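Order of writing sets the chain letters: A, B, C and D. Residues in each chain are counted from 1.
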């Protein structure tokens, strides 16, 4: 049989997430790119908006409408939070819809309403196949919610410990440094190069960040009990990448060997998540532009805590790569199809 | 009376710390710069080693010897850790010796020996005047140990809470992002621009960092009970600056207002430490090249923790600026002499 | 006699140029800062707009009106090009008005109209005292046009050769790399950190850049004949700094020694412009935040051309520092007053 | 027939050029990677030296010897300049040897000896297939000299004009800004992140740069007459990328339309070189990690010069990508095999 070919539509193509989906799909062995849509930029050449995508430079963007998106095997939604649910509801039930926005990530309607202030659109299968049992839930799925970039790194960092019952559910502290592309492509003064180059700053400190309930959802599901998280995001002077430092109190009697074993076992067969050998530290540059996550853990016996550092590319494994990986699983393609690319360093 | 004039010698002048001491002293209204010393770079023009110091470009470095350093009112030691004690011991007792290295920071000989593996040289008055009661201990001092850059930011972040009895002594978590100048000027592959630009990485994770006992010393002294800290340093793609995110469990019954009051009160009269108005976040660029620290705090009620973010310039307030500030206090000069400079932004 | 004290008003204080003027004046020994004005940001605290200016954090901005600006000894205008002339015309004749904008730089009304498309407001004494004979013209002046940042670096690079008659007036090629602060603080997508970090691009290529006639004016005045320039500006991933590479055909018979002698002689007594020793290259970091310019020259005998590289901080020597230096000269103050600051490196 | 499979050995695998060759070959559809060799790093895991190359992490480096390199269909030499000739001479004549070093680039033995100070090893077919007639010379070749990164960008920028007889052979001026990876992975103080981040500097100014004769060779061959170049390389604060600004005097009577036509025609069928639409500027970020070059040209009628700006990734099109492209041509593979990858932006 010939190679399976899947038609794909990509919305939000003028933004960073949509551009990254296109970068990956442009050379995916099983996809052909159909409609490429945008809102205010409809009618323009992709080459004028995403000049790095040479292979698609002459494609012209069309409006983000149900009409333009329907009729494809797969539809990627890379739209502002709160706007994808309406469009998704109108797409055929047998179309695979992959939402890179937040609308369908949370299981708790109460949490959604608290953090987003609108009615909850419902919960879709969660596109982080490395969670325990999650890969099975994605096979054959027709709706997939792509995790947020911070929650991807945080859950990869700590879920193995919660799933193995090694960590206390309180005093979990997560501090992440993100590249500026995570803040999007809208022109804002505080995101100007002049403002961000050469400096670091926190933002959204104190429990208010919308990604906190998503992290707690993943940890609580793994732990089988409610887990609470203190999360602080910071902005780093780089375009791409997230470095997450996640620490949690270790249960009494748990030592360094048991910790390492739990993480290594959890990711032993994962194609994209790698526990580094002792003495090696993850670096965001090592995974930039790839779908890989690398992590290292240390047991701080003195403080009774495990410290896990995890790096991803926020746009790849943290958004578009995770989306393509989930698509592959849902459609029964090899999980690494279109994602067998190395990080770009130096 | 004429303006008081103090002769100063600076050792380690070819490194980043020594260069920063010279940058500040070059325009200090009360100092004249005497011997400028180095080890392997002795004999060279300062202009060839620190080309930004135009005012001192034609000065020639001499060897770092007791002979060259003695005979000044003040001697700054910016030498590798473990090497300053021997020289300091030979300098006259009435010379003000300010050691930017670690040798005399720790009060506990056991902690020194554990982390540095050599005999402890003794404890000097600690050059962080913003600590409770510390300013008094520096007046008239003849030996001053300049704090480490990470401990400066960490102690500024959390000491007010410990001193006011608002924080639990366990599960203190500190994650800092530092500019690369903190790693020094020695040529190492992993510090090459090609390696660090555009990426972030952790290092020394898991309790091993030598700055941890210094932080715990400051917190324990303030709290009146032993405090344990989990500290993770990370390297950010910027030359200067530290962003420290410090979080601690809040004692039962303590709320947001009491927390903010404690910090604001602690720093109300400080010339260099500033609690930002609510809604404003500190940014390392706002303090670069200045002796200022700015911080913000938030009460994460959900997690029961306070989160304090603090920024300094690691070379200024974190090293050379703190050293000059301490010198001013020790000598009875205005505390801000030579330090009334703004941050350089954008 | 007491120290002379001059009252100063600064307009455009929420932008990069206005902020830099304030950074320098905050510690100028002879000035007191009066009105600080802005357009849309009037009514806000300076600390909210320029958080690095701690010394002025609580000052509140007022509207940029003639009423608010009048009544000071000196008024700095840091306004959009084309808007300063109208305000300047209404300020008292005995007020020293220093315009950081372009309105009064060009001597040729035809050139102004061609490049700016409006009526020419007239020509003011040009605030680049290092030009031959220019310092004299600034003494006692009441109106000063601050040079553009690119023309400052370009004229410092090549004027000594033109003034000495060593260079041909054609095939002058100038390529400059500028930090992004030169493009201002308005939020634009192509200036986002995500877009500029890690990359370089040209812009305005092909003779269209408005700074070209200003360069040609300076060169032609020095050469005593019309000089034509090909100028290409590029945007570099840094906040501050300009590196200008300027090359020109050398007249027959002129050799390396004559070239070096001309430049060294031109700047021998300049406090802010320095020809580096052979073998040393200028680096923008060495002059960042200072009013210094450093340069190096080489005779490419093979190509028959001199290559001069010159670095400045675009906001300091290229704008606000040059403005303060000119103010000092105009008022009879020491030329370096308030500018005796070193570059900030690393 | 099955897909053609070619065995490849890569030397110098611990450096930046060798690492980039491996990044591209790891997913080339027609190659299998045999020996991976290094000098002082032999015996180590590739994952410890090039952590971004996850697909090859467990491969162990062997010594760079003729024995280890022989027996492959293709051998890539990514060795220090002046060291490849000796090894190449001992490899079988029917092995395709691709030298990323300088040893075999120059046609003139005199030029080699002047700039490198050793005996010339001879001239190999030059791996820049976009030069007129060059693609044919690479088909079936068994020895290929990969161009330098600066000369790649410079020749792509100006050769169309010389080949079409539109440019004068004198007063060609080229200024390039390169990312720091072009300076290699050896630890040197002036290449530390602390030194390079946030600043720009020139180096090797005045005709001394070894890449000048290589540029002149390409221009002279295209023009049919000797062309002389003034070349200034500068170091930009980014890991990868070259922006070259190349300007030349236009012959009398040549106008903008003829210029544009010449460049567009020259690259009309090129898969990797693209003349941008008018009004668009090349940006190094748009080609990073890809084998593409983009360029724009402008006719500065006022100065009588054409200005061409061209961007490449110095490690990809400038080194490893150009090497793979040449390999593809030499072996009769599709020219874009293994190179159909997009730039990574933002």
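In this text, contacts are C-beta pairs under 8 Å (C-beta built on N, C-alpha and C of every residue); 3 or more make two chains touch, one makes a residue touch a chain.
Owing to the predicted nature of the structure, the values given are computational and were not obtained by experimental measurement.
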Label-sorted list of chains bordering both chain A and chain B is C, D
So, comparing C-alpha centroids, which chain is the farthest one from chain D? B
Return the distance between the CA-based centres of chain B and chain C, expressed in whole Å. 35
Please compute the C-alpha centroid of chain B, do the same for chain D, then give the distance between them in whole Å. 45
Show the residues in chain C shared as contacts by 2 or more other chains, in ascending order. 16, 181, 185, 192, 194-195, 197-198, 237-240, 283, 285-286, 288, 346
Chain C partner, complex, touching residues on chain B are 16, 19, 23, 26-27, 48, 50-55, 181, 185, 197-198, 239-240, 274, 276-277, 280, 283, 285-290, 292, 294, 340-346
What part of chain A is in contact with chain C in the complex they form? 16, 179-181, 183, 185-189, 191-198, 237-239
Taking the touch rule as given, give the residues of chain B at its contact with chain A in the complex, in rising order. 170-173, 175, 177, 192, 194-195, 197-203, 205-207, 212, 228-230, 232, 234, 236-241, 243, 245, 247, 249, 281-286, 288, 296, 298-305, 307, 309, 311, 346
